[in-house]
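Every chain is named by a letter (A, B and C) in the order it is written, and numbering of its residues begins at 1.
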């Protein structure tokens, strides 16, 4: 259905960004807050209205569309700025604007004392606008604009406190690592355009693609997703991105931007099902990222880094979901994760706020009884949600992904080698399930560790710091997000038990993977049981090591039992050092060589200074003729005239 | 009978005298006067061509007299040039106590 | 006939006075020679029926410009020792020879061809009415060269201001 007001959804926050960015310095604070919050709230309301309409249209055409304008038209290539509001993008619009609004509200409390608050809110509005463009755009090029836009905002906000070198460096790192991924994304778009001449989803959907083209494009686009969504091997920027203000970590680096890769794969499900090999790669990368992120998360001391690695790990789960063809499960986890991870991050922000900037869990503890009641309670709910010890949102969405991985038949017909007689990859699904279940155990362990170290036991911080609870503008979003973490379960309850389920709701959006419908390899209730047992095992392990009163004994015991593993995990498996050695250093060396050889010698020396030196040398000879004697000049002129007269008059 | 060539020849001689004066004399004042001589040689040539036009040249009254208007402007410009030139000579004489052009050679290199 | 005689008289006057300008050591003598040269030239202009220009030659050149020269000469008040001896260098010789040679070549090769077609002697075939008079030249100036004429006035103003600024030293 064509409508004419869809453009308002991304435009309003953009206008807010313009107002706050250009005039914010001179606006009264209250006005600025009002503008920043209202534009997001209005977008949310429009989104809700649109969503209501879309929810009542049945079938594959359950979407609102608007062609805002034709962006450019070159030869056969025509790129429109078109928006599509269907059940997937629509729900994400609600998540982005809803969670975004809560985080804007929270930021009012968190950033109130920062002198750069107006800059902050302008960036945040801009981010929301770009994210909405990414989600709503109906073609790859416009999506890429949003994709780069959110990357820019991420860079600006990670390096928000740019006078701190480490933070500015983290911003650059995020930007550059993302750039590597975006390069793949861009090449992926080029490949699709080269072979189909199309960039819009609608036409690509029906365009015939060979297996090779589909695989190449899907793989290249997935490279972009690994950058944006912090997957192996490009996840390294996300933990460093915690340098930004905590609400930014919640909004950009947990709830929305980092899930753009998952969204992109889900949006292009029609492309990915044509490239089953790439889907297997997506699932494998996802599960490896999940387990690596969870392992590193067990040994971090910085509360935000724990959550960052947790995000990396959870994003891995989402990629497992879309990789095994369970696009609905992957995106459902995207949504529930947005709720409980935002809640966790905002909770950690409230803790950092209450401890005046302290982020080290070694100097926290017992905060629940030191006044941070609301923070502790909401953090607890979100922890329950992510670890799945009780069947609320996180439990169902994660379990659904694992169950789909176990049951999928998307890989049954794949072979390891091109030779048709080589072993089939049917074992891949169950293997992913096994690793995923172990990862769930680790997840439960480290998130509970984080909770116990922060909120239970005795306070270990310096006595002159008096923890205090955050103002209501910060606790209110916490409670809303905690409530959403609980009721979020509604959309992910197992499919055949309720009339309304996410899977049914988005039926028309996703393509079906090849290999046929999933088969039940394990009864559903058994899977639930295993998941519950695993979650409780993680909780009990964490309790045995970090029970109230034991303080940091648990960490010491682990360090004694397996010192090398612990050290490796605490240093994030030395991946940063490794990248430094194999990528950054050689690049620096190459750049330095090129600088010395190409730039200084050839360009500066030969091409720039060379002509100058020739001119100077010629000039130093020629200037002898200019001796300042006017009469000499007149004489030379006369000689010149004589020559001209001779040439033109006598000989000519 | 005096024809146009006579006048042109006089102009050429006068121009040569001026040119030689510019190149040879050291005294800046005399150099300026030589320049005036050259300008007058040109004026003479203008007037000659105005008085002895080629057959197919300008038929109108204004066309006949365009040489005169040119001379008029040359005189005006020459007056301006003399004023500024003499002012420069005075200024230079103040700082250098000399009017010899071959000593004014700082405008070099 | 009288015209021929007058021409040759003026011719001799112009050449002799012009030569005096560049040969005299004393600038005052040179200036006086220049005045004389201008008077003879004005005579030549009259022979060319350029009445207005002849008058202007006497009034502007011989009158105004030369007075300016003489004033400056008096102002500088060059003493004998300051009128240093002429130095003839190689370049000066070359320059003078080049000037003379150029003009000579032009006289030999160009003057003959300056009038490639038949020449109209306006005096012989009846001069146009008022040729060279104030009225005719003024009409030509104001009808066909108004803009240059006005710009000339601007130029003279600028020259006056410039001369004052340059010569005054301190303002």
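By definition in this document, a residue touches a chain if its C-beta (ideal position, glycine included) is under 8 Å from a C-beta of that chain, and two chains touch if they have at least 3 such contacts.
Quantities reported herein were computed from a predicted structural model and do not represent experimental measurements.
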| item | value |
| --- | --- |
| Arrangement of touching chains [line / ring / star / complete / other] | complete |
| Most distant chain from subunit B by Cα centroid | A |
| Of A-C and A-B, pair with higher C-beta contact tally | A-C |
| Rounded Å distance, subunit B centre to subunit C centre (Cα mean) | 6 |
| Distance from the mean Cα position of subunit B to that of subunit A, given in whole angstrom | 82 |
| Distance between chain centroids, defined by C-alpha means - subunit A, subunit C (Å) | 87 |
| Multi-partner residues of subunit C (each touching 2 or more other chains) | 92, 95-96, 99, 106 |
| Interface hub residues of subunit B, defined as touching at least two other chains | 19, 23-24, 26, 102 |
| Of all residues in subunit A, the ones touching two or more other chains | 629, 631, 634-635, 638 |
| Residues of subunit B that touch subunit C when the two form their complex | 1-10, 12-21, 23-27, 29-30, 32-34, 36-37, 40, 43-44, 47-48, 50-56, 61-62, 64-66, 68-69, 71-73, 75-84, 86-91, 93-94, 98-100, 102 |
| Subunit C to subunit B touching residues, read off their complex | 3-4, 7, 11, 14-15, 18-19, 21-22, 24, 27, 30-31, 34, 37-38, 41, 44-45, 47-50, 52-53, 56-57, 60-61, 64-65, 68-69, 72-73, 75-76, 78, 82-84, 86-88, 92, 95-96, 99-100, 103-104, 106-107, 111-112, 114-123, 128, 131-132, 136-137, 139-141, 143-145, 148, 152, 155-156, 158-160, 162-164, 166-167, 169 |
| Residue ranges of subunit A in contact with subunit C within the complex | 629, 631-632, 634-636, 638-639, 641-642, 645-646, 649-650 |
| Sites on subunit A touched by subunit B in the complex | 623, 626-631, 634-635, 638 |
| Complex contacts: residues of subunit B adjacent to subunit A | 19, 22-24, 26, 31, 101-102, 104-109 |
